[in-house]
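Input: one structure, supplied below.
Chain lettering (A, B and C) follows the sequence in which the chains are written, and residue indices restart at 1 in each chain.
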Amino acid sequence: MARRTFSIGGVHPADSKISRGCKLEYLPIPPTVYIALSQHIGAPAKPVVTVGDKVKVGQVLAEPGGFMSAYIHSSVSGTVKSIGPRKDLSGNNQMVVEIAVEGDEWMENIDRSDTLVTDLPEDPKAIIEKIKLGGVVGLGGATFPTHVKLSPPPGKTCEMLIINGCECEPYLTSDFRTLLEKGEQVVIGTALIKKALGVAKATIAIEDNKLEAIEHINKVVDSLKSKGPEYSGIEVLSLMKKYPEGGEKQLIDAVMHRQVKSGGLPIDVGAVVDNVCTALAVYEAVQKNKPLIDNSVTVTGECFPKQANLIVRVGTPLNYVIDYLGGVPEAAAKVISGGPMMGKAIANLEAATMKGTGGLLFLTREQTKRMPESNCIRCGKCADACPMGLEPFLLNRLSKAGDMDALEANAVQDCIMCGCCLYSCPAGIPLLDTISQARGQVMGIMRARAAAAKAAAEAAKAAAEAANGSTGSPTVK
Amino acid sequence: MTTTIIWTIAIISGLGLLLALTLYLVAQRFKVVEDPRIELVEKAMPGANCGGCGFAGCHAFADSAVKAPNLDNHYCPVGGNETMKKVAEILGYEIKEKAPMVAVVRCNGTCDARPRTSEYDGSISCKVKASLYAGDTGCSFGCLGCGDCVAACKFGALSMNPQTGLPVVDEEKCTACGACVKACPKAIIELRKKGPRGMREYVCCVNKDKGPSVKKACANACIGCGICSKTCTHDAIVLENNVAYIDFEKCKLCRECEAMCPTGAIHGVNFPKPIDKDAIKARVQERQKKAREAAAAAARQAQEPEQIKKEESNG
Amino acid sequence: MNMSMDKILVSPNPHIHSATTTKVLMRDVVIALLPAVIVSVVVDGWKEMLVLAVSVLSCMALEYLITRYCFKKASTLGDWSAAVTGVLLALNLPPTTPWWVVFLGAVFAIGVAKMTFGGLGQNIFNPALVGRVFLLISFPTYMTHWEIPQGLFGVDAISGATPLGAIKEGLMQGATVPDLMASHGYTYSQMLFANIGGSAGEACAIAILVGFIYLVARKVIKPWITLSILGTVAAVSCIFWLANPAQFTDPLFNLLTGGLLLGSCFMATDYVTSPMSTKGGIIFGIGIGFITLMIRYFGSYPEGVSFAILIMNSTVPLLNNWFHQKKYGRA
């Protein structure tokens, strides 16, 4: 049988999952944590503690600052030292709560035992409420607040829940280790999300370079089937290894053979996608009352002597993580938060981890230094690689010319920033650099136009209503 | 033989006439009637099509200016007052003269003063760099040095100084069109009044961080100490978000702030004489001492009448 | 153990790059051309070696001199593209071409067809083909003077015409195709294994196909352009041949003779001068195949592949404009 995968583009970078054998390990609690108030897409959270407050592990530090926002909890127990700006990993100021650690005292309602809780709450709304109170956000990279995702807009129904265990980024292994070591929790989390959405089918998609995980999760799914009707309808799907399989749109294409329309959401084609670690966080938040205060981080790289998959408290300084494993190696030239394809280069190692930090990757100069740019030879490899079917060579040229209309017509706004174009360009042209700029500008123009159209429509409606009112009684049929 | 020649001449002339007629008719059919003043105004413009006026080019400016009721919203920064006088003459409008402006780079984070903390390896573009991170130095506000402003300048007035890594404005060539201001993602470049004989004072820093961290990042930065705003007797300096700003409309070019600034973040340019910092410092300190004494004396005096006032109001 | 922070690299994603660079791609093309080069040297002897050497060396020298001293940029010699042009030009010339004619061809290929447009990636027409066509028009005597191959150690060369040329000439004199084939003694196995007069690279079909398979296997090129050219030539010539076998040559003859294989495998698939999209590539190939046959059947030149490719090169911007990739989530 042909191996299943997404239909357009994609690249095959070397796997490099050198830390796949490293068991999940709890990192000791650092002396000080810096918990950012904006660890999710949307409005920053509003702090509810003040300087000098004593906090416990799992205590709410900040409340959602809007509809699209999330709770932030303390990952340690101790005293709030300050609330103010601190430089994040890119060197820009970000609001953080600084907590000096004293002991490790948890909130009383958190179940810290290892016992599996397989009985699910009766009410789907209660599940979503607990997810919201647990501050769970998408851990696949985008940190989209999970409770928002699980409340589809009226009129849209979900047909399939996809749990993303692809981990298509080279090097990263934290999802893989989570599947192997916390498979039961992930499957229960899947059942919880399935119930919250009221959907019959769920697919746990795993790339076929992680056969142990596929095998293990299959066993877990079978063994949990007896625990209740909520556990039926979950299946494991093996997908061909190809980057960016874990991209939401690519995964929906691979699993359901459906494509999300440009500008649309997965729910438009009846899909909801959540990451494996998100499913685990949902389990912990709903069944154990444990909010999202720690997450697994792969620390890896060929030049890094001691690879590890660590469970790290949110807000731990990166320096502390690195020093625990022996410090930055001499040969390392770049430190990346996340994987090598979509991760962000770190400029400031004093910054702290956040909910979405999935990996710390060390690359040498030889591995990562960009080659000098040469002429485009029009080979079309970028277009072959683009998983959205765009033509990066064309978008690059148009964005240099500043032709916003043509950029929009050629769908620059569909770009998912996966990096396949620049990865595959034989001339080393920084395609994604220019395309991402153009994408931002075009999206700004589109938003402004949508807002103007909405305002005009409302004005017209108001005018029509006013006109109706003045001409007398509305016609009744 | 002759008939051939005659036929040839006849056919060619006939063809010529026919084509001329077609051209004439087409020209008539598609003739665009345009206010003749638009062309006149356009001719008076510098013709750089830089967009500094806010219109798409000189023609768009002329078109809009002719249709406008006055010239309040139309000003060509490149041509300046002279061009605008001509335009006003053509259209019979009055203009408000504007002081000539010049682009000013408000960052002095030279390679020596601002140590590099990382090596940037992306596209040589300030926009890309700014969207990626705070920059390759400890200062997250300063010049990124990729030269987007240089590329944006249509008059060749900007160039990068390889020694400092900062852009330099050629005042002779700068037309204050504002293209560089728009191009700079860090909002470092500002259009300021050119000043009498080009003399002007400005704070050459936009760092909004607090003093200690600023000082660590850059030796030439404004640390927001506020000495300048306390020194200024013309109320021209505001201190906001830990950085000083000189209002060029109020500044009287006395250079006291420049002399008092502990980090040299305030720059005075095109002054005929070099600044004598010690003399100015002594003068300012003397004045401040006197002011303090006067204030103390006033406070003492104020207490007595106030008591009397209180008693009066009570009684 | 701690690295000093001033060494830390920061760049936008992605942080790794595929091993395939322009240099690697061009080197693969040179490798793919090696079988054809070896066969032509063995078949045509030291004369072909001289043509190859002059062509490759002068192309590379010109590339270096022009980028270095006219463009005042770093030399682009390292990307191997000049070497590819040199080899292709040599394979497109008769082994008897004098060295100075080869040199002029190189000057025209690199200097005019490539560099005046701005160098690698900017040219509209395939440089090697422009060089060949320039020579074909300027020096027709040298360019149509073929020799029946005598091998690397052969002594006396016998002048003759290429199969396409001989048939064309015969047809003009009123003979029929089967008679001409028989009288010249052309067999298909001869054409497959290189002992027919012609440009060096036109002689051996097998060697070219081996190179083509290598390129496709290495994913340097996609096979669609080549296949659509060959398919069109086969289909269209089949129609003509079935209609009148006395006047028109058969499909297999058309596929194996002349520069069709070399052109469709190595010249039409040139990245720079072929369309980006698969759909565009297929249209491009159909155009080349059709024009080639029309020139062969009805034109005054016996061979039309070079002209066909150059004509279709000029449509590439248009094809790129019309045909795009299939986009995700868009009809």
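FYI, a contact is a pair of C-beta atoms (placed from the backbone, for glycine too) under 8 Å apart; a residue touches a chain by one contact, two chains touch by 3 or more.
Please read these numbers as outputs of a predicted model, since none were measured by experiment.
Trainee: Ranking chain pairs by how many C-beta pairs touch, which one is first?
Mentor: A-C
Trainee: Taking each chain's centre as the mean of its C-alpha atoms, give the chain farthest from subunit C.
Mentor: So the farthest one, by centre of C-alpha atoms, is B.
Trainee: So, what's the distance in Å between the C-alpha centres of subunit B and subunit A?
Mentor: Inter-chain centre distance comes to 42 Å.
Trainee: What is the distance, in whole Å, between the centres of subunit A and subunit C, each centre taken as the mean of its C-alpha atoms?
Mentor: One centre to the other, that is 49 Å.
Trainee: Distance between subunit B and subunit C based on Cα centroids, please, to the nearest Å.
Mentor: 57
Trainee: Using the touch definition from the top, which residues of subunit B touch two or more other chains?
Mentor: 117-118, 121-123, 128, 132-133, 136, in rising order.
Trainee: At least two other chains touched by the same residue of subunit A: list those residues.
Mentor: Counting only residues that touch two or more other chains, subunit A contributes 345, 347, 368-370, 430, 433, 436.
Trainee: Could you list the positions in subunit C whose residues touch two or more of the other chains?
Mentor: In subunit C, the residues touching two or more other chains are 5, 7-12.
Trainee: Where on subunit C does subunit B make contact in their complex?
Mentor: Listed in rising order, the residues are 5-12.
Trainee: In the complex of these two chains, what residues of subunit B are touching subunit C?
Mentor: Going through subunit B, the ones touching subunit C are 115-123, 128, 132-133, 136.
Trainee: Provide the residue numbers of subunit C that touch subunit A in the complex, in ascending order.
Mentor: 1-3, 5, 7-18, 20-22, 24-25, 76, 79, 81, 118-122, 271-272, 276-277, 324-330
Trainee: Where on subunit A is subunit B touching in the complex?
Mentor: 87, 90-93, 345, 347, 368-370, 430, 433-434, 436-437, 440
Trainee: With touch defined as at the start, can you tell me which subunit A residues reach subunit C in the complex?
Mentor: Within the complex, subunit A contacts subunit C at residues 8, 11, 13, 170, 249, 253, 259-262, 264, 326-330, 332-336, 340-347, 349, 361, 363, 365, 367-371, 374-381, 383, 386-391, 393, 410-411, 414, 417, 419-420, 422-424, 426-428, 430, 432-433, 436.
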